[in-house]
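Heads up, the next two complexes both have chain A, just with different partners, chain B and then chain C.
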Partner chain A sequence: MKWILRAAVLASIVFFVLGPLANLAIWSVAEQWFWPHRLPSQWGFRFWEVVFRPTGRAMEALWLSIWIALLTTAVCLAVSIPAGYALARGRLPWRPVVMLVFLLPQAFPNLPVYINIARIFFEFDLNGTVAGVVMVHAVHGLVFSVWIATAAFAAVDPELEQAARNMGASGPRTFFEVTLPLALPGIVASAIFVFLESLDEFTGSYFVGAPEIRTLPLLLYSAGAGGNIQIAAISALILLVPSILFMLLVERFLKGEVLAKMGR
Partner chain B sequence: MSARLEIERVEAAYSGTRVLKGVSLDVAPGEFVALLGSSGCGKTTLLRCVSGFVPVAGGAVRMGGRDITHAPPDKREMAMVFQSYALWPHMTVAQNVGYGLRLRGVARAAIAERVAATLAMLKLDGLGERNVTQLSGGQRQRVALGRALAIDPQILLLDEPLSNLDARIREDVRHEIKALQRRLGITTIHVTHDREEAMVMADRIVILDAGQIAQAGPPEEVYNRPVSPFVASFMGANNVVRLDAAMSGGRVRIAAGPHNRETDLTAAGPLEGPVVAHFRSEAARLGVIDEDAVDNALALDGRIVQAAYPGGFWRYAVAVGDRQFLVDDARKLDVGLPARIVLPADALHFFSASEA
Partner chain C sequence: MGPTRGISIVLIAPALAMALALFVYPLGYSLIGAFQDRGGAWTLANFVRAWELYRLDTLYTVVIVGVSTLLIAVFSIAIGGYLTLGSSPLARKLLDWIYRWPLFVPFIVAALCMRTFLGRNGMMNNSFVFLGLMDQESAQSFLDWRGIVVTFVWKQTPFVTLMVAGAMLGLDRSTIDAARNLGASRLRVLLEIVVPQIRRTLAVGLILSFVTMMSVLSVPIMLSGQSPSMLTVNMAWRINSIGDYGTANALGFVSYLLTGLAAWFYLREAVRDKAAQGAPR
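Presenting the complex of A and B:
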């Protein structure tokens, strides 16, 4: 009885996780696939060629998405490293309030927030610019990066810093030679999260960026909505690659003791 | 090279609570001073005031005549061994030990040489390339000591460095550290709550109580001539008898009580009225009730209520009236027997009851 249950659970996991992925993979190589056929009637890599054509819009969108994701990661790290350190060492007054402020963008439904942001950005001519999209992504990414960075710095025993000061290292030198290297795994993990979130982000990019800024998720959306299922499937598969690669990295970097300090 | 350390009426406070209430201490070059006290007495705070991690609210700290009261911790040329060892897990043993030298701009080859010599001195040869997380507790403790000694500090600060070690290793390490300190002649301040550790290692013991020095002196002086009931109890004389005393011809006359006869003792006076006498379990003897009172000793009549064998002798709980005392004796005696606690005059530390 037990093994039947176990097999059923495993089978459903395989079906629900791998099923949609298999569907994507099949669609990406289907040149003709009409109802009521179970499988495509004509196979081929024609649409891959379309997507990867140097002049193709998909590649352009991919590079733009990566560029925006890198900028977003840089902005988030520039804020989260000092903020996380200050929050972890508890030298800030109103510490819980500050932590809550970083969480706030997540607390409200995305859509109204982004529509309002888009309206405000319109005033400052930020709609349809890379800077505008990066800002929207950064607001979203700061939630992860500040909280994870705070946890990463909190996991560094203050006595390790004191030992460096005691040996004669100045404050900044202690930070760069002891604190930061020890918090780095957590910081790297947070950077990866921010990068992936930005790469996948749709709602904000749509309201603030479209139509001038065409990131890969936006292209995927318009391709899917326009019936270009093959293009949409290939874009989705491309988006999967960095996610899987980075998740493997994160799994190696993010250790239990960092997670244990989350939200403190 | 070692320096004199002068601590002058130092005060410190944590969020409004005064932890140090004006502590003055002069440590001679090469001297080994133990700061002894129970938790919360301020001993660790005092060490952290000296090392610069706790701001000094009043008074002054001087090292070799230089005022360092408000100097940042990295400008003090003191080396500290932390209770947690505080070794950097992202560096190897050699990198940990050599870090202070690297900060001082010492050439790479010279660092390697110095690190190797330090590791050899601490019997850590061949462990230089290990990660500190791969070491045993005793090895980590020695790496922490090596890191501190490698920079040739003027003053060595030890913050309960032995409290995380197994009891068996601890005994050896006490003597090793003491021998090393002697040989290098470094001015050392050692914080501990372990009386025996302080006695064995230090040239001078400073007992702290509630942010003030209760007594300071060589181990045998603090042990044999405690100046207050607190110090007497802390140094192990924690059996307390309440008595009435008067002076009589240069001796102290103890008035007869419900459990003792009138007795004359040679003791440091003058004592008048109600007093408390502290004594150690090992300084007392058990006599049989009918025996005559021993000369120059106080006898308390009671009954054995409990017996234990801690090793080498028996320890009895003896009830005298409604109080119990712990007394050591070599003989095996039965629980329930009447017994007389015999306390020679030099086993008793008298204090006026108003001090207690």
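Presenting the complex of A and C:
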């Protein structure tokens, strides 16, 4: 009896967790699906061809999204590697305040801030440009990249650096040949995280980028709003690929114990 | 060891400048903008207009985000609790594998999934009818505040569960085993021994979720466009349709206040905890 109850509870969890995703997958191959059919009456890949047509807007949006995400990751790493090193090893006045500044984008609802960024960008002609969208994505990514980089550098054993220095290595050489390689796994994880956040970002792109900059999430939104559910579903599945790859990849080092330490 | 003070400041300057210019400055701009009219004079008119037009929407937002937060707390404790105390290793393994799936699904994708899943003739109702749990006539659409709650809970529960389950697994097992040996039921062990010890991790996860839900635009805009709507939709509408920054900023101010209130509750509890422990950790 207990066994049946357990199976029923697990089955309903599976249904509610995976059902919406399965539903999305079915919609992407549904050429015709009208009520009262419980499943599509005509299956096929016609809409996939529409999306993957080289001249199609979806492919254009995908490449643009990837390009923006790459630029965002580069910007975030460029500023957060030195910042993380300084926060972990340097002597900084007001260190807690500085850490707090990098936490702010996570502590306030972002949307009202994005509205005002768009208003400020208007004066600099940055709305509707790749640079503008990258900046908005980067400031959001900064929270993760700075905090993770700081943690990664802090985890490197200072005695190893000391040993390198004792053997005559210069400060920069110690950094590039000892500290950075040891902190690299954490930094790579933060880079992947920033990349994904940028790829999936909707609100900031909506206010700063639209309508000129059409990223995949914006295309998904307008396709969904326009009733092109199949196109939207396929765009959504494309967006999911990197996310799921990442989940499988990081499952090893994205342990709850690590996350639980955040915010302490 | 490590860079000197001067070099440290140089190293951190670009990141700090970026955060100040692209977050702190616009944040201040939005706070001030809430109290200014179009000409830049000080006024409270934005709040009067926000109150007249959007007090129902504010309540609607509070109810949606509040109910979602509560449900996320219940589900994450239940899942984390089963992962820690559950009796069947197979069920634990399956649950551990299944609960994380929505974690990395973008909100916009979650919104699209739910729009077709929760509709009147969506997959959920169809499955219930097929299984004989419900008849076709009583099928109704969940594409309103309930749909938004379902989507938020679906998307955010894995995040909080990951934190909560991690903290639970890190607990000292001896008190748990002692309580079990004394004959306490699993539920009682969970609620009286495990949950009190991971309260702060749970609170941090819930507050981060609360803030996230307060700023998501894609879910309410895709699931329920009609009135009343969430504050994020109202802000977007004030900007995109009538260029009214004053009222939008006043609504933004309200959403800061709501998240501030949530954070204040947490901090008050945390301070109390510290006072109870006698010494700051």
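Annotations
What we mean here is this: the second predicted complex is superposed on the first by the 239 of 264 C-alpha atoms of A that agree within 3 Å, B and C clash if a C-alpha of one lies under 4 Å from a C-alpha of the other, contacts with A are read in each partner's own complex, and residues count from 1 in each chain.
Everything below uses one rule, namely that a contact is a pair of C-beta atoms (placed from the backbone, for glycine too) under 8 Å apart; a residue touches a chain by one contact, two chains touch by 3 or more.
Worth saying up front: this structure is predicted, and the values here are computed from it rather than measured.
In the superposition on chain A, contact of A:38 is made with chain C only, not with chain B. By the document's definition of touching, both partners, chain B and chain C, reach A:162.
When the two structures are aligned on the shared chain, A:16 is found in touch with chain C, with no touch to chain B.
When the two complexes are overlaid on their common chain A, residue A:170 makes contact with chain B while staying clear of chain C.
One of chain B and chain C touches more residues of chain A, and that partner is C.
Look at A:246: by the touch rule set out above, it reaches chain C but stays clear of chain B. By the touch criterion defined above, A:182 lies against chain B but remains apart from chain C after alignment on the C-alpha atoms of chain A. Put simply, chain A uses residues 162, 165, 171 to touch chain B in one complex and chain C in the other. Within the complex formed with chain A, the chain C residues making contact are 1-5, 7-9, 11-12, 14-16, 18-20, 22-27, 29-30, 33, 88, 91, 94-95, 98-117, 121-124, 126-127, 130, 136, 154, 162-167, 169-170, 200-201, 204, 208, 211, 214-218, 221-222, 232, 235-236, 239, 245, 248-249, 251-253, 255-256, 259, 263.
By the touch criterion stated above, chain A contacts chain B in their complex at residues 157, 159-160, 162-171, 173, 178, 181-182.
Touching chain C in their complex are the following residues of chain A: 6, 10, 13-24, 26-27, 35-36, 38, 78-80, 82-83, 85-87, 89-93, 98, 101-102, 104-120, 135-136, 138-139, 142, 146, 158, 161-162, 165, 171, 196, 200, 202-203, 206-207, 217, 220-221, 224-225, 229, 232-233, 236, 239-240, 243-244, 246-247, 251, 254-260, 262-264. For chain B in complex with chain A, the touching residues are 51-53, 72-80, 82, 84, 86-90, 99-100, 103-104, 147, 151.
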